[in-house]
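What follows is one structure encoded as C-alpha coordinates, with my remarks underneath.
Just so it is clear, A, B and C label the chains in written order, and each chain counts residues from 1 on its own.
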(Lines give C-alpha, C1' and ligand atoms only; values in the text may rest on other atoms or scores of the structure.)
Protein backbone atom coordinates (compact mmCIF):
# COMPACT_ATOMS: atom_id res chain seq x y z
CA UNK A 1 0.00 0.00 0.00
CA UNK A 2 1.32 3.46 -0.85
CA UNK A 3 1.71 6.13 1.81
CA UNK A 4 -0.82 8.96 1.69
CA UNK A 5 -0.46 11.16 -1.38
CA UNK A 6 -1.85 14.70 -1.07
CA UNK A 7 -3.41 16.70 -3.88
CA UNK A 8 -4.38 20.35 -3.56
CA UNK A 9 -7.58 21.79 -5.00
CA UNK A 10 -8.35 25.51 -5.24
CA UNK A 11 -12.07 26.23 -5.30
CA UNK A 12 -13.54 29.47 -6.62
CA UNK A 13 -17.18 29.52 -5.48
CA UNK A 14 -19.23 28.73 -2.38
CA UNK A 15 -20.62 25.50 -3.89
CA UNK A 16 -18.70 23.91 -6.74
CA UNK A 17 -17.81 20.48 -8.11
CA UNK A 18 -14.30 20.14 -9.54
CA UNK A 19 -13.32 17.19 -11.74
CA UNK A 20 -10.17 15.62 -10.23
CA UNK A 21 -10.19 12.47 -12.39
CA UNK A 22 -7.13 13.49 -14.41
CA UNK A 23 -4.96 14.07 -11.33
CA UNK A 24 -5.93 10.76 -9.79
CA UNK A 25 -5.49 8.91 -13.08
CA UNK A 26 -1.92 10.26 -13.33
CA UNK A 27 -1.10 9.05 -9.80
CA UNK A 28 -2.46 5.59 -10.57
CA UNK A 29 -0.65 5.30 -13.90
CA UNK A 30 2.66 6.44 -12.37
CA UNK A 31 2.37 4.08 -9.38
CA UNK A 32 3.32 0.89 -11.20
CA UNK A 33 0.30 -0.84 -9.67
CA UNK A 34 -1.47 -3.14 -12.16
CA UNK A 35 -4.45 -4.35 -10.15
CA UNK A 36 -5.71 -2.89 -6.89
CA UNK A 37 -7.74 -0.18 -5.23
CA UNK A 38 -7.57 3.60 -5.16
CA UNK A 39 -8.93 5.21 -1.98
CA UNK A 40 -9.81 8.92 -2.30
CA UNK A 41 -10.43 10.82 0.95
CA UNK A 42 -11.54 14.38 1.76
CA UNK A 43 -10.08 15.66 5.07
CA UNK A 44 -12.58 18.55 5.33
CA UNK A 45 -16.01 18.68 6.99
CA UNK A 46 -17.65 21.09 4.54
CA UNK A 47 -16.61 19.30 1.34
CA UNK A 48 -16.88 15.77 -0.08
CA UNK A 49 -15.95 13.35 -2.85
CA UNK A 50 -18.41 11.90 -5.34
CA UNK A 51 -18.48 10.08 -8.67
CA UNK A 52 -20.79 11.36 -11.37
CA UNK A 53 -21.23 12.26 -15.03
CA UNK A 54 -18.31 14.02 -16.69
CA UNK A 55 -19.82 14.55 -20.15
CA UNK A 56 -22.44 17.32 -19.82
CA UNK A 57 -21.51 20.03 -17.28
CA UNK A 58 -25.18 20.95 -16.75
CA UNK A 59 -25.58 17.76 -14.68
CA UNK A 60 -23.26 19.29 -12.08
CA UNK A 61 -25.14 22.60 -12.14
CA UNK A 62 -28.46 20.78 -11.62
CA UNK A 63 -26.93 18.77 -8.77
CA UNK A 64 -25.62 21.83 -6.91
CA UNK A 65 -28.88 23.76 -7.49
CA UNK A 66 -30.93 20.88 -6.13
CA UNK A 67 -28.71 20.43 -3.07
CA UNK A 68 -28.89 24.18 -2.40
CA UNK A 69 -32.70 24.06 -2.65
CA UNK A 70 -33.03 21.03 -0.33
CA UNK A 71 -30.49 22.32 2.21
CA UNK A 72 -30.43 26.12 1.94
CA UNK A 73 -28.11 28.56 3.62
CA UNK A 74 -30.39 29.40 6.53
CA UNK A 75 -30.03 31.91 9.33
CA UNK A 76 -31.87 29.68 11.79
CA UNK A 77 -28.99 27.18 12.17
CA UNK A 78 -27.57 27.03 15.69
CA UNK A 79 -23.92 26.77 14.56
CA UNK A 80 -22.61 30.35 14.73
CA UNK A 81 -20.24 30.03 11.78
CA UNK A 82 -23.43 29.96 9.67
CA UNK A 83 -22.26 27.12 7.40
CA UNK A 84 -24.25 24.18 8.75
CA UNK A 85 -25.77 23.64 5.32
CA UNK A 86 -22.24 22.85 4.08
CA UNK A 87 -21.65 20.27 6.85
CA UNK A 88 -24.95 18.55 6.03
CA UNK A 89 -24.28 18.46 2.28
CA UNK A 90 -20.82 17.00 3.01
CA UNK A 91 -22.35 14.24 5.17
CA UNK A 92 -24.87 13.32 2.46
CA UNK A 93 -22.31 13.26 -0.39
CA UNK A 94 -19.71 11.47 1.74
CA UNK A 95 -16.03 11.96 2.46
CA UNK A 96 -14.50 9.19 0.37
CA UNK A 97 -14.70 6.86 -2.61
CA UNK A 98 -13.01 3.51 -3.30
CA UNK A 99 -12.14 2.95 -6.97
CA UNK A 100 -10.79 -0.03 -8.89
CA UNK A 101 -7.36 -0.23 -10.59
CA UNK A 102 -7.09 -2.59 -13.56
CA UNK A 103 -4.22 -3.05 -16.05
CA UNK A 104 -2.35 -0.10 -14.58
CA UNK A 105 -5.18 2.43 -14.85
CA UNK A 106 -8.43 3.43 -13.14
CA UNK A 107 -11.41 1.35 -14.20
CA UNK A 108 -14.29 3.82 -14.23
CA UNK A 109 -17.68 3.53 -15.92
CA UNK A 110 -17.98 5.13 -19.37
CA UNK A 111 -19.46 8.42 -18.10
CA UNK A 112 -17.90 8.52 -14.65
CA UNK A 113 -15.64 11.25 -13.33
CA UNK A 114 -14.37 11.83 -9.77
CA UNK A 115 -15.43 15.16 -8.27
CA UNK A 116 -14.23 17.22 -5.33
CA UNK A 117 -17.40 18.85 -3.96
CA UNK A 118 -16.92 22.27 -2.35
CA UNK A 119 -19.82 23.36 -0.14
CA UNK A 120 -18.23 26.29 1.74
CA UNK A 121 -15.72 27.91 -0.60
CA UNK A 122 -13.82 29.50 -2.02
CA UNK A 123 -10.90 27.83 -0.23
CA UNK A 124 -7.66 25.98 -0.69
CA UNK A 125 -8.50 22.32 -0.15
CA UNK A 126 -6.69 18.99 0.03
CA UNK A 127 -7.50 15.46 -1.18
CA UNK A 128 -5.71 12.42 0.22
CA UNK A 129 -5.13 9.29 -1.84
CA UNK A 130 -3.88 5.81 -1.01
CA UNK A 131 -3.32 3.01 -3.53
CA UNK A 132 -3.33 -0.64 -2.49
CA UNK A 133 -2.69 -3.97 -4.22
CA UNK B 1 -6.91 -9.38 -4.50
CA UNK B 2 -9.21 -10.82 -7.17
CA UNK B 3 -9.53 -9.17 -10.57
CA UNK B 4 -12.78 -7.32 -11.23
CA UNK B 5 -15.80 -9.63 -11.43
CA UNK B 6 -18.80 -8.29 -13.37
CA UNK B 7 -22.42 -9.04 -12.57
CA UNK B 8 -25.30 -7.99 -14.82
CA UNK B 9 -28.57 -6.62 -13.48
CA UNK B 10 -31.70 -6.10 -15.60
CA UNK B 11 -33.97 -3.42 -14.18
CA UNK B 12 -37.67 -3.15 -15.04
CA UNK B 13 -38.79 0.26 -13.83
CA UNK B 14 -37.54 3.86 -13.77
CA UNK B 15 -36.70 3.72 -10.05
CA UNK B 16 -36.18 0.32 -8.47
CA UNK B 17 -34.05 -1.37 -5.84
CA UNK B 18 -32.92 -4.91 -6.66
CA UNK B 19 -31.54 -7.24 -3.98
CA UNK B 20 -28.15 -8.53 -5.22
CA UNK B 21 -27.06 -10.09 -1.91
CA UNK B 22 -27.44 -13.68 -3.16
CA UNK B 23 -25.21 -13.13 -6.21
CA UNK B 24 -22.49 -11.47 -4.18
CA UNK B 25 -22.70 -14.12 -1.45
CA UNK B 26 -22.13 -16.82 -4.08
CA UNK B 27 -19.03 -15.03 -5.41
CA UNK B 28 -17.61 -14.69 -1.91
CA UNK B 29 -18.32 -18.30 -0.95
CA UNK B 30 -16.78 -19.63 -4.18
CA UNK B 31 -13.67 -17.43 -3.88
CA UNK B 32 -11.90 -19.48 -1.23
CA UNK B 33 -11.27 -16.29 0.78
CA UNK B 34 -11.78 -16.78 4.52
CA UNK B 35 -11.25 -13.27 5.88
CA UNK B 36 -11.17 -10.08 3.88
CA UNK B 37 -13.16 -7.37 2.16
CA UNK B 38 -15.73 -7.33 -0.62
CA UNK B 39 -15.84 -4.10 -2.64
CA UNK B 40 -19.05 -3.56 -4.64
CA UNK B 41 -18.99 -0.81 -7.30
CA UNK B 42 -21.59 0.68 -9.64
CA UNK B 43 -20.07 1.94 -12.94
CA UNK B 44 -23.16 4.01 -13.84
CA UNK B 45 -23.97 7.65 -13.02
CA UNK B 46 -27.75 7.24 -12.66
CA UNK B 47 -27.68 4.22 -10.34
CA UNK B 48 -26.04 3.33 -7.01
CA UNK B 49 -25.35 0.66 -4.40
CA UNK B 50 -26.78 0.69 -0.88
CA UNK B 51 -27.27 -1.61 2.09
CA UNK B 52 -30.69 -1.74 3.70
CA UNK B 53 -33.45 -3.92 5.14
CA UNK B 54 -34.21 -7.12 3.24
CA UNK B 55 -37.11 -8.37 5.37
CA UNK B 56 -40.13 -6.15 4.60
CA UNK B 57 -40.28 -4.99 0.94
CA UNK B 58 -42.39 -1.93 1.88
CA UNK B 59 -39.21 -0.33 3.29
CA UNK B 60 -37.84 -0.18 -0.25
CA UNK B 61 -41.11 1.27 -1.61
CA UNK B 62 -41.08 3.96 1.10
CA UNK B 63 -37.45 4.75 0.31
CA UNK B 64 -38.02 5.18 -3.44
CA UNK B 65 -41.23 7.20 -2.86
CA UNK B 66 -39.41 9.53 -0.47
CA UNK B 67 -36.44 10.01 -2.81
CA UNK B 68 -38.84 10.73 -5.70
CA UNK B 69 -40.67 13.30 -3.56
CA UNK B 70 -37.45 15.04 -2.42
CA UNK B 71 -35.83 15.00 -5.88
CA UNK B 72 -38.65 14.89 -8.44
CA UNK B 73 -38.42 14.45 -12.18
CA UNK B 74 -38.55 18.13 -13.06
CA UNK B 75 -38.69 19.87 -16.42
CA UNK B 76 -36.66 22.82 -15.15
CA UNK B 77 -33.35 20.91 -15.02
CA UNK B 78 -30.73 22.30 -17.39
CA UNK B 79 -29.44 18.87 -18.49
CA UNK B 80 -31.28 18.16 -21.74
CA UNK B 81 -31.51 14.41 -21.25
CA UNK B 82 -34.04 15.25 -18.53
CA UNK B 83 -32.69 12.75 -16.00
CA UNK B 84 -30.80 15.03 -13.60
CA UNK B 85 -32.94 13.73 -10.73
CA UNK B 86 -31.38 10.31 -11.34
CA UNK B 87 -27.82 11.70 -11.23
CA UNK B 88 -28.58 13.48 -7.93
CA UNK B 89 -30.16 10.40 -6.33
CA UNK B 90 -27.13 8.36 -7.42
CA UNK B 91 -24.73 10.84 -5.78
CA UNK B 92 -26.68 10.79 -2.50
CA UNK B 93 -26.95 6.98 -2.33
CA UNK B 94 -23.35 6.49 -3.45
CA UNK B 95 -21.61 4.33 -6.03
CA UNK B 96 -20.04 1.69 -3.80
CA UNK B 97 -20.02 -0.31 -0.58
CA UNK B 98 -17.23 -2.11 1.27
CA UNK B 99 -18.37 -5.29 3.06
CA UNK B 100 -16.61 -7.68 5.42
CA UNK B 101 -15.76 -11.34 4.68
CA UNK B 102 -15.54 -13.65 7.70
CA UNK B 103 -15.18 -17.46 7.80
CA UNK B 104 -15.62 -17.70 4.03
CA UNK B 105 -18.88 -15.76 3.84
CA UNK B 106 -20.22 -12.18 3.93
CA UNK B 107 -20.68 -10.83 7.43
CA UNK B 108 -23.81 -8.67 7.15
CA UNK B 109 -26.07 -7.39 9.93
CA UNK B 110 -29.17 -9.48 10.67
CA UNK B 111 -31.52 -7.43 8.50
CA UNK B 112 -29.04 -6.18 5.90
CA UNK B 113 -29.24 -6.84 2.17
CA UNK B 114 -27.18 -5.28 -0.66
CA UNK B 115 -29.24 -3.38 -3.22
CA UNK B 116 -28.61 -2.16 -6.75
CA UNK B 117 -30.54 1.14 -6.98
CA UNK B 118 -31.88 2.01 -10.42
CA UNK B 119 -32.85 5.67 -10.84
CA UNK B 120 -33.20 5.90 -14.64
CA UNK B 121 -34.40 2.51 -15.86
CA UNK B 122 -35.40 0.21 -17.23
CA UNK B 123 -31.90 -0.72 -18.44
CA UNK B 124 -29.33 -3.47 -18.53
CA UNK B 125 -26.83 -2.60 -15.80
CA UNK B 126 -23.53 -3.90 -14.46
CA UNK B 127 -22.05 -4.24 -10.98
CA UNK B 128 -18.29 -4.68 -10.44
CA UNK B 129 -16.88 -6.63 -7.50
CA UNK B 130 -13.38 -7.08 -6.13
CA UNK B 131 -12.47 -9.32 -3.17
CA UNK B 132 -9.35 -8.70 -1.11
CA UNK B 133 -7.58 -10.49 1.75
CA UNK C 1 -5.86 -7.76 7.86
CA UNK C 2 -7.31 -7.99 11.36
CA UNK C 3 -10.41 -10.05 12.05
CA UNK C 4 -13.59 -8.07 12.72
CA UNK C 5 -13.46 -6.10 15.96
CA UNK C 6 -16.83 -5.21 17.50
CA UNK C 7 -17.59 -2.05 19.47
CA UNK C 8 -20.86 -1.48 21.30
CA UNK C 9 -22.66 1.86 21.34
CA UNK C 10 -25.59 2.69 23.61
CA UNK C 11 -27.82 5.41 22.18
CA UNK C 12 -30.19 7.49 24.28
CA UNK C 13 -32.51 9.26 21.84
CA UNK C 14 -34.44 8.52 18.67
CA UNK C 15 -32.00 10.46 16.48
CA UNK C 16 -28.50 11.05 17.81
CA UNK C 17 -24.91 11.27 16.61
CA UNK C 18 -22.29 9.76 18.93
CA UNK C 19 -18.59 10.52 18.52
CA UNK C 20 -16.74 7.17 18.35
CA UNK C 21 -13.38 8.59 17.24
CA UNK C 22 -11.67 7.88 20.58
CA UNK C 23 -12.64 4.19 20.59
CA UNK C 24 -11.46 3.68 17.02
CA UNK C 25 -8.25 5.62 17.63
CA UNK C 26 -7.45 3.30 20.56
CA UNK C 27 -7.97 0.20 18.38
CA UNK C 28 -5.70 1.59 15.68
CA UNK C 29 -2.96 2.66 18.10
CA UNK C 30 -3.02 -0.74 19.87
CA UNK C 31 -2.97 -2.71 16.60
CA UNK C 32 0.71 -2.23 15.81
CA UNK C 33 -0.22 -1.21 12.26
CA UNK C 34 1.89 1.71 10.99
CA UNK C 35 0.36 2.38 7.58
CA UNK C 36 -2.93 1.04 6.29
CA UNK C 37 -6.68 1.40 6.25
CA UNK C 38 -9.38 1.36 8.91
CA UNK C 39 -12.78 0.14 7.71
CA UNK C 40 -15.73 1.12 9.96
CA UNK C 41 -19.05 -0.66 9.32
CA UNK C 42 -22.55 -0.32 10.77
CA UNK C 43 -24.48 -3.64 10.77
CA UNK C 44 -27.87 -1.95 11.32
CA UNK C 45 -30.40 -0.69 8.75
CA UNK C 46 -31.68 2.28 10.77
CA UNK C 47 -28.28 3.74 11.69
CA UNK C 48 -25.13 4.80 9.84
CA UNK C 49 -21.54 6.02 10.05
CA UNK C 50 -20.37 9.47 9.01
CA UNK C 51 -17.40 11.79 9.39
CA UNK C 52 -18.04 15.37 10.41
CA UNK C 53 -17.03 18.29 12.60
CA UNK C 54 -16.12 17.42 16.18
CA UNK C 55 -15.47 20.96 17.47
CA UNK C 56 -18.85 22.69 17.84
CA UNK C 57 -21.68 20.33 18.92
CA UNK C 58 -24.34 22.60 17.35
CA UNK C 59 -23.25 21.32 13.91
CA UNK C 60 -24.59 17.90 14.89
CA UNK C 61 -27.84 19.37 16.21
CA UNK C 62 -28.32 21.31 12.96
CA UNK C 63 -27.60 18.17 10.96
CA UNK C 64 -30.14 16.02 12.81
CA UNK C 65 -32.78 18.80 12.72
CA UNK C 66 -32.33 19.21 8.97
CA UNK C 67 -32.51 15.46 8.30
CA UNK C 68 -35.66 15.24 10.45
CA UNK C 69 -37.22 18.12 8.50
CA UNK C 70 -36.35 16.63 5.09
CA UNK C 71 -37.40 13.08 6.03
CA UNK C 72 -39.97 13.35 8.81
CA UNK C 73 -41.52 10.59 10.87
CA UNK C 74 -44.67 10.22 8.79
CA UNK C 75 -47.75 8.06 9.31
CA UNK C 76 -48.23 7.58 5.58
CA UNK C 77 -45.26 5.18 5.17
CA UNK C 78 -46.28 1.68 4.07
CA UNK C 79 -43.81 -0.12 6.37
CA UNK C 80 -45.88 -1.04 9.45
CA UNK C 81 -43.04 -0.66 11.93
CA UNK C 82 -43.40 3.09 11.26
CA UNK C 83 -39.66 3.75 11.06
CA UNK C 84 -39.14 4.11 7.31
CA UNK C 85 -37.71 7.59 7.88
CA UNK C 86 -34.87 5.93 9.80
CA UNK C 87 -34.13 3.47 6.96
CA UNK C 88 -34.02 6.34 4.44
CA UNK C 89 -31.73 8.49 6.61
CA UNK C 90 -29.43 5.47 7.06
CA UNK C 91 -29.22 4.94 3.28
CA UNK C 92 -28.36 8.62 2.66
CA UNK C 93 -25.69 8.80 5.39
CA UNK C 94 -24.26 5.39 4.47
CA UNK C 95 -23.25 2.29 6.39
CA UNK C 96 -19.48 2.60 6.34
CA UNK C 97 -16.36 4.74 6.12
CA UNK C 98 -12.80 3.91 5.06
CA UNK C 99 -10.13 5.86 6.97
CA UNK C 100 -6.35 6.14 6.59
CA UNK C 101 -3.77 4.90 9.10
CA UNK C 102 -0.41 6.71 9.11
CA UNK C 103 2.51 6.40 11.54
CA UNK C 104 0.49 4.13 13.83
CA UNK C 105 -2.52 6.43 14.22
CA UNK C 106 -5.62 7.58 12.32
CA UNK C 107 -4.96 10.36 9.85
CA UNK C 108 -8.09 12.53 10.06
CA UNK C 109 -8.61 16.11 8.92
CA UNK C 110 -8.16 18.80 11.59
CA UNK C 111 -11.87 19.08 12.43
CA UNK C 112 -12.97 15.53 11.59
CA UNK C 113 -14.56 13.09 14.02
CA UNK C 114 -16.19 9.72 13.30
CA UNK C 115 -19.86 9.51 14.28
CA UNK C 116 -22.28 6.67 14.86
CA UNK C 117 -25.64 8.02 13.63
CA UNK C 118 -28.71 6.65 15.42
CA UNK C 119 -31.98 7.18 13.54
CA UNK C 120 -34.31 4.83 15.46
CA UNK C 121 -33.14 4.74 19.07
CA UNK C 122 -32.67 4.47 21.87
CA UNK C 123 -31.02 1.06 21.36
CA UNK C 124 -27.90 -0.97 22.03
CA UNK C 125 -25.93 -0.87 18.79
CA UNK C 126 -22.75 -2.38 17.37
CA UNK C 127 -19.97 -1.08 15.12
CA UNK C 128 -17.62 -3.45 13.27
CA UNK C 129 -14.04 -2.51 12.45
CA UNK C 130 -11.36 -4.11 10.30
CA UNK C 131 -7.80 -2.82 9.95
CA UNK C 132 -5.68 -3.66 6.90
CA UNK C 133 -2.09 -3.03 5.81
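Note that a contact is a pair of C-beta atoms (placed from the backbone, for glycine too) under 8 Å apart; a residue touches a chain by one contact, two chains touch by 3 or more.
Note that this is a predicted model, so its numbers are computed, not measured.
K.L.:
Same or different interface residues for subunit A and subunit B, judged by whether over half of the residue numbers are used by both?
P.N.:
Counting which numbers both chains contribute, under half are shared, so the two copies meet through different residues.
K.L.:
For the sequence-identical pair subunit B and subunit C, what is the superposition rotation angle on Cα atoms, to the nearest 5 degrees?
P.N.:
About 120 degrees of rotation relates the two copies.
K.L.:
State, to the nearest whole Å, the distance from the C-alpha centre of subunit A to the C-alpha centre of subunit B.
P.N.:
About 20 Å separates the centre of subunit A from that of subunit B.
K.L.:
Spell out, as numbers or ranges, the residues of subunit A touching 2 or more other chains.
P.N.:
Counting only residues that touch two or more other chains, subunit A contributes 70, 92, 94, 98, 132.
K.L.:
Help me check something: in the complex, which residues belonging to subunit C touch subunit B?
P.N.:
1, 3-4, 39, 41-45, 70-71, 77-81, 84-85, 87-88, 90-92, 94-96, 98, 128, 130, 132
K.L.:
Going by the contact rule at the top, pick out the subunit C residues touching subunit A in the complex.
P.N.:
35-37, 50-53, 56, 58-59, 61-63, 66-67, 70, 92-94, 97-100, 102, 107-112, 132-133
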